[in-house]
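For reference, the structures are reproduced in the following blocks.
Two complexes follow with subunit A in common, the first pairing it with subunit B and the second with subunit C.
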Partner chain A sequence: MSGRFTRRRARLLAGVGAVVTVIVVLLMTGLGRDPSVIASPLVGRAAPDFTLPQLDGPPVTLAKLHGQIVVINFWASWCAECQAEQAALDQTWRRFQDSGVVVIGVNFEDGAGAARGYVRADDVAYPVVEDAGSKTALAYGLRGVPETFVVNRSGRIVSHAIGPVGAAALSSEINSMLLASPR
Partner chain B sequence: MMSQLGTYLLLFGLAVSGYGLLAAAVGAKTGRSALVESARRCAFGLFATVAAATATMLVALLTNDFAIRYVADNSAVETPAFFKALALWGADDGSLLLWNLILAGYIAAVALRFRRDRPPTFPYALSVLFAVQVFYLILINGPARPFASLANPPADGRGPEPLLQNHPLMAVHPPFLYLGFIGFTVPFAFGVAALLAGQGSDQWVSVIRRWTLVVWCFLTVGLLLGALWSYSVLGWGGYWAWDPVENVALLPWLSATAFLHSVMLQERRGMARLWNIALVIGAFALMTLGTFLTRANVVSSVHAFAQTPVGPAYLAFLALVLLGGFGLVAWRLPELRTPASLTSAISREGAFVANNVLLLAATAIILLGTTFPLVVEAISGQQVTVGGPYFRSSVTPVFLLILLLAGTAPLLPWRATNASRALRRLRVPAAAAALVMIATAWAGVHQVAAVAGFGLATLVFVTSGQEILTGLSIARHGTRGGVVRALARGRRRHAGLVVHMGLALVAAGIIASSSLAQQDQVTLKTGQSTVFAGQVLRYQGLRADRQPQRIVLTTTVAVTNPGAGAAGTLDPRMNLYPASAAPIGSPSIHRGIVWDLYASVISLQDNGGSATFRFYHNPGVNWLWFGGLVMALGGAAAAWPGRRRRHSGDDQGPGAMRQRTAVAAGAR
Partner chain C sequence: MNAAGMLRRARPGLPGLLVLCALAAGLATLATVAVVGHPPASQAEQVQQIAASLHCPICKDLSVADSPAPLAQQMRQEIAQKLRAGESADQIRAGFVAAYGVSVLMSPPRQGVTGAVYYLPLLVLAAGLITAVMVLRRWLRAPQAVPSEAGPPRLAATQRRAVATAVARLREEEPG
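Our next item is the complex of A and B:
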């Protein structure tokens, strides 16, 4: 680098700095968004009802859970991201099951054997149901797995997340719902 | 095992590129050529290391090593081997591997090209190149980790994104696009190097021009292949949707095109020095902005699957590029100001200035439309989208003016104040254009923009063709030898004119397909038929095939031309993949010289007893592909190293003189 530092140069450099700062700040606001939470057309609507057989247990009917907060998580044993969010879902279930919150895992496009193996290996504690024929997945407009829907006490979908969910985000969402409408 | 190997290779690569950066920078500063030479050799080691890491991932994909999370996420046992290999660039983390590989390849190419004769800016350029590679290697060693492993490897993987395993074009589109994108690093590095070294001479410019041409060709092909993929796979009958991801790929192409024109001002007249460097830096900054917007999931939330932590890193890098690049331009502003000014607006120089204004206007319009939703959301918190109508209505007039310029500017002489000769040579092209406009209007095209567009495309095509022929006949009079020899004489000018002819074809294709296309949606029972665009289309039934990785539902539609009889069948398909609830359609296309007949199946009812189709009649689409190919080939011909490569500044000298005589003679 050669050349002297003149007042003109200082002014030009300050101008470049100011413009770049504005651009970066603008772009930074875009970063703050969580792209996995999407504005789904289902949010605000009644959650499509289903009665599905559990992998090991009696069938589960969504309508019968009316009055409770329900977290519906679509997953598959072949999906690595589902494995990544497994701990968060388990944690949510253990923490909130006594305050009227149900977590349901809906197994999607999977073999029953593979699904059972996954549930055993990862110690999944909450109820897991099979969606043979993917009718429920279609009703929820599933794009892939994992996807997670949160249903409020009156049976309406309040959020829809694509991709793995985090324990902290899920807990704070449920906490605020519990505070807003205590039993 | 593979996971560790890949991780260590990438770490080693980072160390190598770090050393290269240090050695080149210190060598440039102190003038110790041994250091620069060791940095230059580093480039080959770096390339070998990154290639080995990429090969490791390829092996892991092909051998179903689901202990690597990326493999489990993007491949499955049943995935065909071809698409397993393509999964290498099917998702974010893996594509960063390819990105690094191509960048390392470019650095190695620069190191090889300048093994003996080097411009004085070479050490600086080398350190900038290594610095960029250091950033991308940090990215792949930190926030994005393609070799991250899973504690409990699943027995089978998710398989690639269904859309990406539906067509072999995915094998070539991303590599070409990346070759185009990443290639901008080389001109950027030499531009920054010129600013750092404070080179008074114009030596850097011919180096940058040739590399930019190569990169421009790759990007042209990459964009075309992307459009072709969209047309052949997505089933919506179009090839360009003004999607943010498409737009940000077009931006660096536009600014590179502007540079390739304005660079001639500098080579011929010593004008626009600073402007040219700013364009090169701008192209690289736009490329970086595009990568940031796409990969940090800032603009397109629906594309997002896993939230990747690369966003802040990209933003920091973008800030550095903008501050460093334009800060340096500001610093050198007093020295690089060029005294030369336009003698006449109606001259080649004036045309190049107009060309730059128009291309940059198009860039600004598209950039504004693409980032506008981001700005609105930042200020008001509302989500808005800017759709095709904005882009079409605002960009169309600019592109028409660009065509007008391309059809007239090659006739204008340098410096001239008198345009009467140019006007005389414009007679044939203008007459042809007028004829085409009258004919299209008479044939029933009533959109003014479409009629004007066809006319202007003709103008460009005829002007370019006429100029090539004139140049040829003059060159053949002067020297002995065949047409090839004569063509090679004024190679740069002829190649540029060929690119313009390609542009004319592309423009005609775009205008035809966007203003004259027809479409219809119909539901047909088995055996029922409909008439569309003069063809009788009969639904003959459904066939289901179970393949290992998917179920394919194929419909058969018989096409009969009432005049000519049976014209074959269309077989649009629907594919069901386990990893996706929604079926993925595959259109079926009868491609023709004048028009395509295109069919997509939208839905099936009663086990295939009836089906809903969307039919498209798309004129001119193949002119677009062919014209794009011509553009890329013309660009390649211009970039092809000439005999006189040693004296790079010299390829203006005698050749240009000859050309000028040729032009003057042609103007008789």
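Our next item is the complex of A and C:
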């Protein structure tokens, strides 16, 4: 009688323990994650194509850059974090532009005048395009600026960064891509 | 009974008649909708419906329909353009899910892991009901095992035999 009772109590305790463990594990995984950072479902998939007019230059078509590594950076002149990463993007462009790497700045929800002023004032060297109607931003699942996508030589998105990118991290990623698939 | 008296008696029936008329009208409307169906929604209504089912990606807890953010406005325009191009509501939603993931949907899909949101409460409810039934059955059975305070305590056959033997022995020992 007492043995049966102890076995039942042990089973009950084991069951309650299992449920509590599952809840604790779920909470720990959930609480350790930043809810505002949502992984893009586009990583690993073909980058959505676009043809967008440059602020000062001919239109840029992503499909025509097939075979090159493309860094697509969504930015706006009103975005302080975009200004913070500007130097890193310029540095990446100047360092890798002869190695088959293209940096494209996609202007997001901005006035053409403000964008041009920003490009001139900050001496942005890489091509900057306008995304009127935010069609490209919507195709890339943009949630704000800055956001940066890196596209490999096959045209697939290999990484997505929310917030300002650092020159060291971006260079390291591009270097490893160049080593993995030299031209 | 005179006419005034009849009128007084008839008065209480008037509100009832009105309620009956209203009920009949309501039922007729429901039957019409069930048979004929809803009138086709205009494009603006369709845009509103689809936008209401999508989460504004740059807002907190606002649908694309309710958000005043420029990106939400662009999304509404995109929905209208896609509707004009002949895409269905599901195709349009699928397009946004492909870019933003399922988090763009106001209601999580019933398939996959998110389906647990719909089915888990039902499972928990079923488990609770089963537990409640088991506990109730145990409670209902319990009084049979516990001796009642009103009647004599129930004894096992061996105990009853032992008592009978003791009583018989006492009677034999009693003088007279």
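The criterion applied here is as follows: the second predicted complex is superposed on the first by the 144 of 183 C-alpha atoms of A that agree within 3 Å, B and C clash if a C-alpha of one lies under 4 Å from a C-alpha of the other, contacts with A are read in each partner's own complex, and residues count from 1 in each chain.
Everything that follows uses one rule, which is that contacts are C-beta pairs under 8 Å (C-beta built on N, C-alpha and C of every residue); 3 or more make two chains touch, one makes a residue touch a chain.
The model shown is predicted, which means the values in this text are computed figures rather than measured ones.
**Q** Quick one: classify A:P127 as touching subunit B (first), subunit C (second), both or neither.
**A** So A:P127 meets neither subunit B nor subunit C here.
**Q** Give the label of whichever partner, subunit B or subunit C, reaches more residues of subunit A.
**A** Comparing touch counts on subunit A for subunit B and subunit C gives B.
**Q** Taking the superposition as given, does A:L12 touch the first partner, subunit B, the second, subunit C, both, or neither?
**A** first
**Q** Considering only the touch criterion stated at the top, classify A:I23 as touching first (subunit B), second (subunit C), both, or neither.
**A** first
**Q** With both complexes overlaid on chain A, does A:W78 touch subunit B (first), subunit C (second), both or neither?
**A** First partner only.
**Q** Could you say whether A:L42 touches subunit B, subunit C, both of them, or neither, answering first, second, both or neither?
**A** So A:L42 only meets subunit C here.
**Q** So, does A:G105 touch the first partner subunit B, the second partner subunit C, both, or neither?
**A** neither
**Q** Does subunit B (first) or subunit C (second) touch A:K135, or do both, or does neither?
**A** Second partner only.
**Q** Kindly list the residues of subunit A that each of subunit B and subunit C touches, one partner per complex.
**A** Residues 38-39, 109, 134, 137-138, 141-144 of subunit A touch both subunit B and subunit C.
**Q** Which bits of subunit B are touching subunit A when the two form their complex?
**A** 66, 69, 72-73, 76, 150, 152, 154-159, 196, 198, 292-293, 296-299, 301-302, 304-307, 311-312, 315, 318-319, 322-323, 326-327, 329-335, 371, 374-375, 377-378, 383, 578-582
**Q** Please name which positions on subunit A make contact with subunit C in the complex.
**A** Residue positions touching the partner: 38-42, 48, 109, 133-135, 137-144.
**Q** Name, in rising order, each residue of subunit A that touches subunit B in their complex.
**A** 1-3, 6, 8-9, 12-13, 15-17, 19-20, 23-24, 26-31, 33-36, 38-39, 76-81, 83, 108-109, 114, 117-118, 121-122, 134, 137-138, 141-145, 162-164
**Q** Would you tell me which residues of subunit C are touching subunit A in their complex?
**A** For this pair, the touching residues of subunit C are 57-58, 70-71, 74-75, 77-78, 96-101, 103-104.
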